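In the two assemblies presented below, chain A is common to both, partnered first by chain B and then by chain C.
Right after this comes the complex of A and B.
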């Protein structure tokens, strides 16, 4: 059964998802990989900033804020 | 030509190290993610009171201090806190250049026990460069409060390097750390770090490059690691290696003239 894949930006606050693909290149990609955002990593959306961007995510025990310009390139799939 | 501000900094610092009046028996680098208590470990080991703080990018320059253990004098170099050695920033470049080109006798990576997983990226990057690495799992007291227990012996087996738990704020584990450093530096323990194996295509090119790298650097650097970075095509590292070849080409090998060495290296790095 196919599990729906979507952009990390669409992950609702309080929900978790699994990273499928980090679709960036160069330094921006390296930076995210170094922070532990690699395929199969579980990401939880913690909260939004007042303007809605950036959003704080819990990644491998640390809270990291990502702007939509980065998170929209990250493909995730929902997990139960 | 080819000298960047960062490389000048590193080499100036190295020269200062070698000129210091009391020559240390060994130089040990201290690396780690930001906010892992790295500077606290540094102060705990050296007894210095380098200011420590809880904000990112705190340690922007290299600090050094000394301690004695088992009648040996050790110089400890506190590197900037980084998540990576792939040089996304000036801090990362300083840390990487020191570990690669500063030729420390050992490198200690300080990790945060409360979120160990994200610290292991740096650990793997360091052991890919040098087997003389020690992992210090710091903040075990804080982890305990969060009901996290780190199985250091198991970690030691899977990484193939010594792993020392510590709570540096309360000076717990620092003697064990000094002892672990002593063993690695003075050859009383040989590490067998886990080797990261890449996919077949990458491994094939590494094999192809390694021989040439070995010839150019005459076994000075880990040829596998240099080959990998050539594949990355990181210009800051290519520059730094070119500097190295220009500065340190050993005269003992008459057939490998300065120019030839540098040229050969450029051919390698231009291939990708």
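Right after this comes the complex of A and C.
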């Protein structure tokens, strides 16, 4: 059974997902790779900033805030 | 020449193609590294869940919709209140001590039979300027810097950036600009160097050009002193609580101006799309007292104080000379101030205040000492060891609450000090941006002071 893939921005707070694809290029892509955002990494949406954006994600033990401009380009799939 | 150009083009194309191939390799390398690291970590790292829960609870509060912003404001006001009220007594003691020593110096100069001008330049110029800078600046800094370093080490500042990023994104700026602004509280030159953490050149330049809208440590004492005087002019017997809110309000105004100017810059001179934003929210750590004190007192407080002292001494001497060398029947300083009087009056100040800001270009710390010296040289000498004495001097020179307010506004909104300008020149490698960095805030400051003054005068409030 195929698992639904969606943008990281759609991950509800408190839920986890697995990275499928990082759809950015250049400097932005390198920056995210450096943080450990590679395919198969587990990401958890932790909290939203008071104004709704950026959103903080737990990535490999560190809490990293991403703007929707970046997380929009990260494809994830839900896990149980 | 043409041949060379095509050769170069071919070469860059080839490099680009190679880089694309390498990009895929890079992905694989990073993935492999992380797989390996994860396996090792799973074997050896034990996790502390309790600590993490506490972090989450704190973050739930400090980044909450309801409390996030009010808490930041309250914390800022609280720090200023601690600084202002805590600095009062030590400032008075230091002033007593240092100005007391001035009499000994005077006695010594008389004993060796030194000429009056030498005593004037060295004691009344240099030493008095120094004594003022040290007694006014040292206590607030020695309180403010450790408190601020504490917040920094605790891990609170990234949360501030997290809370405020949306505003900065809307202004076309980078969220990390907030961190460079926090550094600017200490020293704008340091804040401008901190702008290196912003990768995109466009947003870095915005951060550099607007850093000056955060009042640095050289201007805080001016603002705090003025706030205390202001509260005294407004309601007799000043209130440190109201003064700290006033200073916090000035800081908020500075942030608003930063956002507005960033927005205008990103729509005009520095057009472009926002670059990537990633910000780590590190776990909270209770700072270690020793390193905290060493860093805040030695690296920051004493560093900034030394810089102020190095500048204040010669500036004090120059000011004394300007105030005491006569051309015709007036001192040079009075002539200069007379020329600036019309302009000063239009923006709710006077010629001496405008001149003090101009002579204060080497360092903002010396604006008030220069001003006091120029007022004192006009009339009788008096001991300036308290806010009340200062208020009396200023009121005698025609100050109203409007003058004080404009003084605070202009202190926030005027050209950066010489050190900061040099740093901007070094970081941007551009004279054009350096000149703009001075013109933008000065222009805004003059407009704001002019507007406020005209409104207040039209309404007949002073």
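Going forward, the second predicted complex is superposed on the first by the 80 of 80 C-alpha atoms of A that agree within 3 Å, B and C clash if a C-alpha of one lies under 4 Å from a C-alpha of the other, contacts with A are read in each partner's own complex, and residues count from 1 in each chain.
Convention: contacts are C-beta pairs under 8 Å (C-beta built on N, C-alpha and C of every residue); 3 or more make two chains touch, one makes a residue touch a chain.
Since the structure is predicted, the reported quantities are computational estimates derived from the model, not experimental observations.
Here chain B and chain C are compared by how many residues of chain A each touches, and C touches more.
In the superposition on chain A, A:53 makes contact with chain C only, not with chain B.
With both structures placed on the common chain, the touch criterion links A:39 to chain C but leaves chain B unconnected.
Contacts of A:70 after superposition on the shared chain: chain C is touched, whereas chain B is not. Residue contacts after overlaying the shared chain place A:15 against neither chain B nor chain C. Shared contact residues of chain A, touching chain B in one structure and chain C in the other: 27, 30-31, 33-36, 60-62. Across the interface of their complex, chain A is touched by residues 23, 26-27, 30-31, 34-35, 38, 41, 56, 59-60, 63-65, 68-69, 162-163, 165-167, 169, 175, 199, 274-283 of chain C. Interface of chain A with chain C (complex): residues 24, 27-36, 38-41, 46-47, 49-54, 56, 60-67, 69-70. Chain contact summary for the complex, chain A toward chain B: residues 27, 30-31, 33-36, 59-62. Remark: chain B residues 83-84, 86, 88, 114-118, 121 touch chain A in the complex.
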